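All chains are identified by letter, namely A, B, C, D and E, in their written order; residue positions are counted from 1 within each chain.
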Amino acid sequence: MTRPLLRIHGLCKSFGGIVATDHVDLDILPGIIHAVIGPNGAGKTTLIAQISGALKPDAGQIEFNGRDITSLSTPRRAQLGLARSFQVTSVFLPMTILENVMLAVQGTAGHSYRFWRPAHKDPEMLDEGMAYLQQAGLADRARHLAAEMSHGEQRQLEVAMALAMKPRLLLLDEPMAGMGLEESARMIRFLARLREQTTILLIEHDMDAVFTLADTLSVLVHGSVIATDTVQNIRANREVQHAYLGEEHA
Amino acid sequence: MNIKRYMMRVVLPIVFIALPTGLMAADSVRIGFVTTLTTPAGVIGTDMKNSVELALEHIGNKMGGLDVELIIEDDGFKPDIGKQKTDKLVKQDDVDFVTGFIWSHVLLASRQSALDAGKFLISANAGPSKMAGALCHENFFSTSWQNDQTPMAMGEYLTQQGVKSLYIMVPNYAAGKDMLSGTESTFQGEVVGKDLTKWGADAQLDFSAELAKAKASGAEGLFVFYPGKAGGAFLRQYQQAGLQDELPLYSVFTVDSISLPRFQDAEMSGVLGSRMAMFWSPDLDTPGNRRFVSAYLEKHGRYPSFYGAQSYDAIMLIHSAVEAVGGNLDDKDGIRAALKAANFESVRGPYTYGNNHMPIQNFYIREVVEDEAGRWTTRIVDTVFENHQDPYASECKM
Amino acid sequence: MMAWLPSSNSGRCYCLLLVLLAVAPWIFQWADQPFLLDLLSRGLILAIAATSLNLIMGFGGMVSLGHAAFIGIGAYCVGIPAYYDFYNGWFHLGLTIVVSASFALLAGAVSLRTKGVYFIMITLAFSQMIYFTFVSLEEYGGDDGLVIYLRSEFPDFLTMQGPVALYYWIFATLLLTLFLVHRLIHAHFGRVIVGAKHNEQRLQSLGFDTYRYRLVCYVISGVICGLAGMLLGNFTGFISPEMMSWIRSGELIFMVVMGGSGFLFGPLLGTGAFVFLEQYLPEFMKFLNPSWLEYWHLPFGLLLVLLVLFGKGGIHGMLSKLDSRTRQSGP
Amino acid sequence: MDWGLLLTQLMNGLQLGLLLFLLASGLTLVFGIMDFINLSHGSFYMIGAYFCGSIVARGGSFLAAVLIALIGMFVVGAVIERVIARRLYRADHLDHVLATFGLILIFDAIVHIVWGPSGMAIPLPSVLDGQVTLGSLVLPTYRLVIISGGLLVAAILSMLVTRSRLGMMIRAGASNRTMVEALGVNIHKLFLVVFAIGATMSGFAGMLIAPITEASIGMGNDIIIIAFVVVIVGGIGSVKGAFYASILIGLIDTLGRSYLDDLLEIFMSLDYAETAAPALSAMLVYILMAVVLAFRPQGLFPPAGIRA
Amino acid sequence: MLDLKGVETFYGSSQALFGMSMHMGQGKVTTLIGRNGMGKTTTVSSIMGITPCRSGEITFLDSRIDGKPPHQVAQRGIGLVPEGRQVFPNLSVRENLLVTADNYAASKSPWTLNRVIDFFPELQARLNNMGSQLSGGEQQMLAIGRALMLNPLLLILDEATEGLAPLVRQEIWKCLNRLKESGMTILLIDKNIEELNRIADYHYIIEKGRVVWDGTPGILQANPELKNRYLGI
């Protein structure tokens, strides 16, 4: 059996009296798209925040690539190869599309204490940035401001930026949120192509997307994982049906 | 072309800046007067401005046959603005005399600009020790006093009165410390406590803590220096603390004709009878003073302050010098000699200049009283020093 | 493409402005207006300080209400050696850099743990501490300040003596500062600073330790502002704690915001406007009515309020608006 | 140790703290609820003092003058909110600072034009102008009036905030503005009232202090920075925090001024202590703020439920 | 009673509603169903004026309410129980109920504190607790009670039972049934199709910001493929 790339063990987090993450155990195997679904308020975003380092867990352990990263800062985790996209679009609006991606490239290139040479003339970064934009289908608009993009394009840029960090694990927090039908379809095609490149932990409500993309599916309800299995098995799981469609009588 | 439009945007303001010079008359005595007109200290500047204008009225706006052109500038209580205004007076308006200056730091900052340009600099208030000592200059004169002199007079008076112990409160800035050291140098009793209170942009105006300490110290007298609005605040609290019977108040530059009408409005009777040292008082019986005080009273309905008296004298001093050279402003040596002679009817009566161009003059103790018309004013009750020279004159290499 | 660089038309205008500044001493000499050179010198010194503030505030989103402390530090780095009759310019320069960098490192390390309004207040706290320290240093004049008799001494070809030489020192420092800031914000380092202003969390998730980058940026800004202070000390020949009061820090913020925060030339424009108004608004009031001189704060305050209500983006913003309008209507 | 002196100093600290609270409570509400930084809040302090002073000068009794001036302050606050502040809520903090600094200049100039540059002393009725003897302590009566006035207003404000419907709306608005609106409350009206109450309290502080320090131009500018320190130390938006922070800072400032030189003399020479003490006591408040911010960035009493 | 016609709403540059149209009858319970992120909450925000729609018409009781600020919409008689409940955490239960209470529609038998407590007896013991100290179910009751205190003509419940324990859900459904019996018009959003089928008069299914199906509970019940296609897994 392959060793999991990301291993979460007994993760707990509560805000005031509300338990957002309740002893979550989760293993993400390398090379697959692992989706996490669950109703609103189930604690999906809190989970992502803890994996990426934005939130400190109350208890539990996160192991990445065999190394305990529970106490590392966000930037350190990112440098180790953990990239994330945000649920709310958070690209840098006043910068161009290319500059956005180049910033992500720059992030993985070690330190940025380079004070003099203009970053936008760095040929390596330029080529690399363009390559990722090509992949995301945004290359022809590279010099436009991110603020001028449509919402769907911004979401694509968001993923392209995460990709530009050459991550071992890509955390995608609802990449399809707020997209129209056509935009969603384009995003699904884009993500499907990434399968060979990296491991993806996908959080998404759009079930079409999840069924199309995911290899493995975990269901998060009330802060705990109630099931992890293949897509087919999950669809047949009664407990999951209840969590989603409501129980007859509990 | 658009460039043209931008040119206009850049060039027009420059033309506007240059304009004022062209408007100036050629043959006149030009006097620049730097004072504080904005900020809370503006009240002092207004009093000085009133007195300067009165002086010009009294000499018919003529000196040595020439028209007088007065240019008043606001230093905003900031040294670098004071310097900038002085630079402007010297370089753009090409004044012959720069005078005014309430604040030591503004005077120190502006000093070089005026003197390097060969102008006469006449302080109408500030008297920092450096300008009397090491930094003395042949073209610098004062119509006020050196900072140490007034408190020295106060200390001397206290010693004469047999006061054995004293509590001192002054603001924590250079002039405050000068007042402190001045008093301590002549007071022979014991200083049982002193407080340096916060001064500056957020100056302390609530002295309750210090007054409580002063009272607990058991001193026989309280010496304070609180210029401007702090003076009113201090006196108010002094009275409210009920100290006027237990801890007699001796002050310098704290009670003046600007604040007395206000105290009277506020019925702060505690201030009546308090004593202070000063080189001048409105009741001083000299011809110059009679003319100045009565005219000021008539025009502004209240007594002039010492700031005003000094400013009035500054104009009169300049007047005497320009008259002496018959309006020949190029005769710098003649003007300097005439200034040094101080041959004019000063409001304080005749005085002389020492080697450092600081006045050698009398110092009095004056008391707050009510005049015949029911106005609160000050009256001289004692003379402490006659023809007193400041202690820094020996440091001046002139 | 670069949002913070002026669009080309106003860009040309700024180049013209720099050229005008370069020849200003000749113009003023020809027009016999030596005072204007003084005014311009002071304006440009403040513009250097404002540009340094713009680096952290406009580009980096760190609003400091304590930047005037660095002006004071720079000025005292000239004043205190001068007090001991030590006038070596290189020493003054080195001291300024070392002291302002150390203070920036210390204050920044603590302050940058906070954000937004809290950062504003903690920088205020540090500058007030410095302010009161110098007020209490009686040896160096305390509140009354220090007179600097002679300017910093440099080799002949770099001399500061004389108003024109000093002006070119100031102008050169300003040019260097503008150029440095321009390069800085476009270099790898600057991308991090600018990015962190817009979305710090995102940047951290891209692998940047934003705290350290900000600290370095704060130190750079502090050093530049210290240099402005060193020049101001030499220019006025007099220094006092008053030049580092919080009101001065506030004025620096106004200069940046008035000109256009986050634009390279914004602080220069803002400082120009500020110094111009400070000098000529009183004159203008006096011109209208001699007794109105003391009320010049009234139109000044009104201008500030109107600028905020109707002039988004400061002077630079208004110029760019004009720019796009002429571009639309023009051929 | 002189216990009587210590007690007097504690009273003085309390009095300073209460005045700070009157200023800071309005500031913190406006800051916490509208997210509006109002530097010109100190101008209300000045205007209150001048209003009160002019009414007394026209022969009104001090008490009547305070009451009339309070109404005047409410009107002034409401007008400023309606005409200027409301347009600024959506702007960023820097714009607030710039515009309200402009307002300070305008207010100062208007006072200069209307009342002249020389300030205004306000006479007190003789009942209040004397002293009260408590055992060995002699305290100015008016100090006690300020303390009781301050405590009274603090109590009224606390009642208003904790008990009244308006107070509920204010607290609800501080935690979730959108929801308050969606439940039928006209948020503009609420803001107007909050702003005007803040102005009134600030004006009241000015009226209380003016008989001691006189009304003068720019008097509010000196104290506004300390009031901001109070707001930050107490926690933005928290009236309770403002209260404790005010008292804390009032006491630290007063006691620092009184005892710091004695304390320093233990460690250093008398001369040095004498010069270091005033500088250090002036710094104390800022040191306190820096320490609080470094270790507890949300302030000592951040209001519950405010989202960052 | 409430009509939406071609409503389009944006968050900045991202469009959330693409021509929403629906109709609600007086005294009826109408539902909005759909997966997460499909525009249900945005529809509610658009009705309330919290996120004003950019185009389209919203009519309530024959007058246009689009473009009106939220407080005016609420004052016309719409009571909102928002997603996530959003009770005021720093107010006590009593204060939560009283803070915005009013009788805008001049009801003859208005809701009072006592009536709300009779309706939700669980709140009785909690009256002096802070909003933040309540359990999820209690918060939901409080949020409903708070909306009722406005005496609304229309009650909107966004995610009425989300994140609640099963027993508590039962309790909420019972309360909603009682409200329906009292003649209250209700717009209901929830995921529990079985329960919705039981209470609703009419369903709207939305996906990607537009209505993709509408009809009565009977039809939805009879077409399980609808459920699976738009709602299920």
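A few remarks follow.
The working rule: contacts are C-beta pairs under 8 Å (C-beta built on N, C-alpha and C of every residue); 3 or more make two chains touch, one makes a residue touch a chain.
Please read these numbers as outputs of a predicted model, since none were measured by experiment.
Of all chains, the one whose mean C-alpha position sits at the greatest distance from that of subunit A is B. Each chain's centre was taken as the mean of its CA atoms, and the one lying most distant from subunit E is B. If you average the Cα atoms of subunit B and of subunit E, the two centres end up 75 Å apart. With centres taken as mean Cα positions, subunit D sits 32 Å from subunit C. Chain geometry summary: the mean Cα position of subunit C and that of subunit E are 55 Å apart. Our note on geometry: subunit B versus subunit C, Cα centroid distance of 34 Å, whole angstroms.
In subunit B, the positions touching at least two other chains are 38, 42, 46, 172, 201.
Shown for subunit D are the residues that touch two or more other chains, namely 112, 117, 225, 275, 278-279, 282. A list of each chain pair in contact follows: A-C, A-E, B-C, B-D, C-D, D-E. Subunit A makes touch with subunit C in their complex at residues 52-54, 73-76, 78-79, 83-84, 86, 90-96, 99, 102-104, 106-108, 112-120, 122, 143, 145, 161, 165. Listing the residues of subunit D that touch subunit C in their complex gives 37, 84, 87-88, 91, 93-95, 97-99, 101-110, 112-113, 117, 225, 228-229, 232, 236, 275-276, 278-280, 282-283, 286-287, 289-290, 293-294, 297. Against subunit B, the residues of subunit C that register as touching in their complex are 9, 12-13, 16-17, 20, 27, 31-36, 38-39, 42, 135-136, 138, 141-145, 147, 232, 236-238, 240-243, 245-247, 276, 278-280, 282-283, 286, 293-294, 296-297, 326, 330.
Residue ranges on subunit A touching subunit E, taken from their complex, read 16-17, 37, 39-42, 89, 147, 149-152, 154, 174, 176-181, 184, 205-207, 222, 234-235, 240-241, 244-248, 250.
By the touch criterion given at the top, residues 38-40, 42-43, 46, 172, 194-198, 201-206, 208-210, 212-213, 215-216, 229, 232-233, 236-237, 239-242, 258, 262-263, 265-268 of subunit B touch subunit D in their complex.
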